[in-house]
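Chains: A, B, C and D, in written order; residue numbering restarts at 1 for each.
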Amino acid sequence: MPSPDITAKKSRTRSDYVFRQIYRTRWFDNDMYAHLNNTVYAMLFDSIVNTYLIDRCGMDPFSMNNNDKDKSAAPVSNQVAIMVNSYCDYFASVSFPDVLELGLRVAKLGSSSVTYEVGVFKEGEEAVKVVGGYTHVFVARETMRPTRAGMEEGTRRELEKLVVKGIGNGAAKL
Amino acid sequence: MPSPDITAKKSRTRSDYVFRQIYRTRWFDNDMYAHLNNTVYAMLFDSIVNTYLIDRCGMDPFSMNNNDKDKSAAPVSNQVAIMVNSYCDYFASVSFPDVLELGLRVAKLGSSSVTYEVGVFKEGEEAVKVVGGYTHVFVARETMRPTRAGMEEGTRRELEKLVVKGIGNGAAKL
Amino acid sequence: MPSPDITAKKSRTRSDYVFRQIYRTRWFDNDMYAHLNNTVYAMLFDSIVNTYLIDRCGMDPFSMNNNDKDKSAAPVSNQVAIMVNSYCDYFASVSFPDVLELGLRVAKLGSSSVTYEVGVFKEGEEAVKVVGGYTHVFVARETMRPTRAGMEEGTRRELEKLVVKGIGNGAAKL
Amino acid sequence: MPSPDITAKKSRTRSDYVFRQIYRTRWFDNDMYAHLNNTVYAMLFDSIVNTYLIDRCGMDPFSMNNNDKDKSAAPVSNQVAIMVNSYCDYFASVSFPDVLELGLRVAKLGSSSVTYEVGVFKEGEEAVKVVGGYTHVFVARETMRPTRAGMEEGTRRELEKLVVKGIGNGAAKL
């Protein structure tokens, strides 16, 4: 019998996610079984999370190695985000040339850390195919350690917008 | 001094390409220099070419290993396409999270072979960033050899639609 | 405070893993932060697991779509393995051109399912960098459902060789 | 009829290449046709070329974005290498879990540019499977332009070691 957590994830809908993006799949994504390889979902999780961090939270991976990016969109952060763990549940498969809709929410917001959840949908279909995500810890760029004050205030404010009240990982729904 | 071929390719515009698709880049596409790695373009070439072959030409990579694809869109081909060579010219770089517009044309249509050219544009910018492509030889699925009759008639008819009169690889423009 | 599970994983050594392989990293593996992207570990997990399944357990992904593989090594299985979830804990980073040593063990062996654990080490260093894995459910090729008898006997026998007595996910060590 | 260039490349042997490395393939490398996708070869070309540039020529992609690399091996270069074009000829396919042997040579050494050729062999087989490569232009890190003096002397000296007398691209052999 699936755990309450899995049952809850399997019932996700697009409206459970605040921030959404559409990604076209690629030929190379399909593996020998003619379905998207599991690692492709993780590549897409990285993409929607980093889009949000760069566009909304002032994360600036580019300044670490070049100077040709326009940083006017948001004040640049002095922290970087380190991935400490990741997880993924696979409910059904998709294939190139499917077009995917991804949704991002914050499942847990700590002092220095955030756990994202991403849902993967296929254009034109209701049922969620894959739900996964990872935990980021925000650390100071110089020390690579979390700071006493936790993540920067601007980052926290933007991540709070991705917390969806009333949906949890299962237990909260019982 | 650049060759006439390179000069011609550098001047490509979106209208030089008949079939176009939009692809969102991914975080993983950027390499250490914070630009799309060269292999990403080749992944995208594969994607636009195979989309066209599957949707329009009845190419059916799925039947080789599974049966759950709807094949009603086009009659299934008995030939498969083998890549024999590839090429790419890089004029300027792009980075995640850029959105890319790809255009596909046929640069050369032989009896059993076709040479594709793909142009890569960045959303909101005119100048072409990268131009490349590859040569496919159509072979019988059983023998893996080209047939006397060349590529199937239906495939040829669809590929002919991608031949753009009046643009060449440079020499034709002189 | 880290959970007992995490503390146990962080203390893994090469000898905790029965089956080991060496992989050279690739330039493309490094992302903008000049370290291996998290998805690369999952690609390597897929590689060591599938090597073992193909070489030792008679898994045959090739017969699904072509016939040019030598299958003499092991009797071909009528089951396929479906990934249902994956997980990964990241303790330290590595970079191209590092050479990696991977170790594979079975963390849990069920009737139809197996949960793998893979440890990632860097050539010349003791401390484990990353520990992760995934759960496979073995299903009949025709129905894509688990069978009453569970995974095939030959597969089970080979997977049992990867169960390491005396190491667990943390609780067992307390 | 194949061109003299193609005929020459098809006859390459391991001894035509000065610098060689062994790479294990990955599950994800195989595409739907159960063979290595064409882009994987380009990923491997990148890997052997950059290994040589980093280890022997003082190229230092890491200093662009972090400081934790040991740079004692070679004096750090003030130039970066920009890829301007790439090419590849495919003669036969390989599949995961094959182990590949790559060989690197310099096909053409200009004032600021170098054209590499990489040959791909399969462990235990003589015939070359794929031959390709690309052209790098060395530019000053600050201006991103080639300098009057061309590539740095130390880089040139190391790249000259990869020029193999007596093999060419075909014409030279006639």
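A few comments on the model shown:
Methods note: a contact is a pair of C-beta atoms (placed from the backbone, for glycine too) under 8 Å apart; a residue touches a chain by one contact, two chains touch by 3 or more.
Computed from a predicted model, the values in this text were never measured in an experiment.
Put simply, the chain farthest from chain D by mean CA position is A.
On residue numbers, the B-C interface is repeated by A-D, which shares over half of its contact pairs, out of the options A-D, A-C or A-B. For the pair chain C and chain D, the distance between C-alpha centroids works out to 31 Å.
Between the Cα centres of chain B and chain D there is a gap of 24 Å.
Chain centres here are Cα averages; for chain A and chain D they lie 36 Å apart. In chain A, the residues touching two or more other chains are 27-28, 32-34, 37, 39, 43, 46, 61-62, 64-66. The touch graph of the protein chains shown is complete. Contacts from chain A toward chain B in the complex involve residues 21-28, 32-34, 43-44, 46-47, 50-51, 54-55, 61-62, 64-66, 69, 95-97.
Contacts from chain A toward chain C in the complex involve residues 32-34, 37-39, 42-43, 46, 61-62, 64-65, 80, 82-90, 132, 134.
Considering their complex, residues 27-28, 30-32, 34, 37, 39, 64-66 of chain D touch chain A.
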